[in-house]
Amino acid sequence: MDIYGQLFFNGLAIGLVYVMLCSGMVLIQSVNQIIFIAFGQFYTIGAFLTWIGVDKLNFPYFAALAFGVAISFILGALTYLLILRHIQFKQGKFLATLIASTGLMLVLQQGSLLVFGTLPQSIPPIFKGTLNFWGITANIDKMTVIAMGIIITLFLFFFYEKSRIGRGMRATSFSPEIAEMHGINTNLIFLVTLGVGTAMAGVAGGIIAPTYGIDPQMGASVVWTIMAMTMVGGPDSLLGALAGGLIVGQILSFGQFYIGGMVQVVLFVIIAIILFFKPNGLLGRGIDIGVE
Amino acid sequence: MLANKLSHNIKTISFFVTILILAIVPIIVKSPYYLDLIIVTIVYAVMAMTFIILLKTGLVSLGLAVFWGLGAYTSAILVMKLGLSFWIGLPAGAIVAGLFAFVLSPFLLKSGGITFLLLNAVLGLLFIVIIGNSTFLGMYTGINNIPEVDPIKLPFLPVIEFVSKIPYYYLGLILLIVIVLVVSAFNATKIGKAWTAIGLKPRLAESIGINVYRYRMYAFVLASAIAGLIGAFWAHYEGFIQPNGFNMWMTNYFQLYAILGGIGHGIAGPLLGAAIMKFFPEMIRFTQQLGNIITGVLLILLILFLPRGILSLFDKKRKFGEGFIFIRNWAKSSFTINRKEVKK
Amino acid sequence: MTSQNGEAVLEIKELTKEFGGVQAVNALSFKVFKNEILGIIGPNGAGKTTVINMVSGFSPSTHGNIIFENNNITKLKAHQIASLGIGRNFQSSFLFMDLTVIENVYLAFHLNYKSKIWAQLLRLPSVRQEENELKRKAEVILEEMGLSSIKNEITRNLPHGYQRMLGVCIALATQPKLLLLDEPMTGMNQNEIQIMLSLVKGIREKGITIVMIEHNMSAVLQLCDRLIVLNHGQKIAEGIPQEIISNKFVIEAYLGKE
């Protein structure tokens, strides 16, 4: 068995999940210009909702996945309507958003423990079996993750570049004032972006659920890596999210194998060093979240 | 700042009154349960104060608990493994925490606010992981049986032994007083004025010759040293410490106490916030789980409707209730999706 | 009223600012002589504020050098440049809005606060003395700028004209040798402009060198000893005001933009 190929393949699966997560985060950061630390919770919620769909509501997997995504989107939109929209233009928006996100993170974290229980769960794999090629034992499951990850990411990129709303998002991320002058309803854009962002987290959770299981802490433990990677890739760069996510996947895959649990530490140290030299990230222009 | 001698005097008077009241409490209240609540409130209020020190310079830290933990572990290790007295461990906790902050400053501060936030959070995670994997530091189960504070032997007085809660209570109170005095002293200096300027408009501060990075570093080191100091006290008061007791949720709680009580009123805000959050659940016996949700909901409600904390309701500058953003406006503007002005 | 005695206080050499493929400032070179009032004019977007941002350290330059009193300050940080003696105001009202007028100026004396930290922490009488001294100096500046009457007003509540004047006061409090003024008269009514005119003259009389960006042509003609005209980031003319206004390139630049 070719160990490098195997690790690379696993890393690809993990990487694509991170790509989806980082893309959602980047979207929110560049359009809404906020640091949304409650983001990780939608990953957990999406995963659990998919599980509920399959396990309790007897939906077929893809329906359950859609269910999870839809609710993640709605929750994100509600978050914007009820909370974020009121604080995003005021003085001190950085602190206000941070406090609100922290509060939301606490509520969602504890809430999902109460609603979904404290135990890890799992969903039966959709396709069973493995394929053997190029010396790799490839779980079809992981291949599904990879395939779905690619499809969803492509869909998002396409949506962002080509669709009307996507153009609105890009204009708003460049300058909300100018976007308004061109007749774009920035309020609606902020709303949709937050929803799409959280939906990306939700879909990532749902996609990874059959292969890697669902854990109540999954969102909390992954959010800092996402934040860090988006900073490194450039907080407003989708390309950065793509590259960053894939790289993280590989680092985690190879790192886990060679140095075990300390891989997290190493990863963060690397990130800290990169940010020290390039605080605006490697790609992208940096964002203005109201603090210096 | 300059003017408002009256408000400054009110602050000083109310501080002394508070201290006086707190000093008398143990004479009236004998129950160790309530004494414990007050001691914990004081510790949490100090931590909330460190949050405010950093906030004043435009820095938001998610890693406050790390320096708290550094102080706690430093003192515990020095006392238990090296046989030193607590009275060495206490300042050592402050010094080690402050030193860490100093050494980390170039990495954390140079790149601005978001990076500071992020890297502090990361620091918090690293702290727990590194200690958790270290046998010397007690791993995830932590260090137990931390000795009580060494007795104080002063001439002409009976030996003060730290057996009951009362000596700890007064020690905590004294630390509180010292910390508040030190912070006030700094606020009155050129450094404090620079902090004010940086907190209001960092670029303007730069244009008048203020080295924003350097003054932020001072604030960071001071706040961390204070956290370390109270952390050392905490370790010997509680008697046991474990890495998860110093995680980000704790930092979030400290933030909450600061915001709930109100910023800009010295120690009164943190004390109020910590007291409310400590005493309220005790009276209603919330479970741990609901506690987190309540904290979260409170944070959101506060930031939406009362962003400057409870004490802002009593601010001289505003009429009563002006700080309170009305629910009706919120509801009205929540559910409209229409074109709105985009302002900064 | 030219005061060119050959001594260049500030020298800009091939200064360039490039971002995103756009050259905001392109190989700009000029000198500023001691105690003169140099005006920088040009259509909007010509790069004038960018030049000031680079000289004052708020924007890093891509190429070129900035020499101030024989020191190369190109790579220095904003606060270092301020402490070397270059003061500036900002285009929009960039002030400590929640503080009073006098508090704003008082803070700006930060560089001049000489007491040692230990003395400050212990609040020794010498410290209090210095603070009173600085407070007095702040009041003097406000008096000279005619803002004494509003010294205890919260800055946020001031009308725009006064806010711009306060911005200049803050720059003055840093005791600069070179003062960079970015459109000090924009948004002011006729009265306020008159006040600002005499103020700028007064500042020059104290021996301070001034570089001023301004759109108000009458003010420019009254105040400036020399002018530099920028368009698209490049210097298209340099000389005394009388020559500049009849320079055909300058006229083209302005008219072409309409």
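Observations on the model:
In this document, chain identifiers A, B and C correspond to the written order of the chains, with residue numbering beginning at 1 in each.
Here, a contact is a pair of C-beta atoms (placed from the backbone, for glycine too) under 8 Å apart; a residue touches a chain by one contact, two chains touch by 3 or more.
Quick caveat, the model's predicted, so the values are computed rather than measured.
Under the contact definition, subunit B and subunit C share no contacting chain. Here the two chains linked by the largest count of contacting C-beta pairs are A-B. Summarising the inter-chain layout, the chain whose CA centre lies farthest from the centre of subunit A is C.
Averaging Cα coordinates per chain places subunit B and subunit C 41 Å apart.
Subunit A and subunit B have Cα centroids separated by 32 Å. For the pair subunit A and subunit C, the distance between mean C-alpha positions equals 46 Å.
The multi-chain contact residues of subunit B, meaning those touching 2 or more other chains, are 203, 212.
Chain contact summary for the complex, subunit B toward subunit A: residues 55, 58, 60, 106-107, 110-115, 117-119, 121-122, 125-126, 129-130, 133, 202-203, 212, 249, 252, 255, 259, 289-290, 292-293, 295-300, 302-304, 307, 330, 333-335, 337-344. Subunit C makes touch with subunit B in their complex at residues 56-58, 77-80, 82-83, 87-88, 90, 94-100, 102-103, 106-108, 110-111, 113, 115, 117, 120-123, 135, 152, 170-171, 173-174.
Of all residues in subunit B, only 1-3, 185-186, 188-191, 193-194, 196-197, 200-201, 203-212 touch subunit C in the complex they form.
The touching residues of subunit A, when paired with subunit B in their complex, are 35, 81-83, 85-87, 89, 92, 94-96, 98-100, 102-111, 113-114, 176-177, 180, 185-188, 191, 224, 227-228, 231, 235, 261-262, 264-265, 268, 271-272, 275-276, 279, 289, 291-292.
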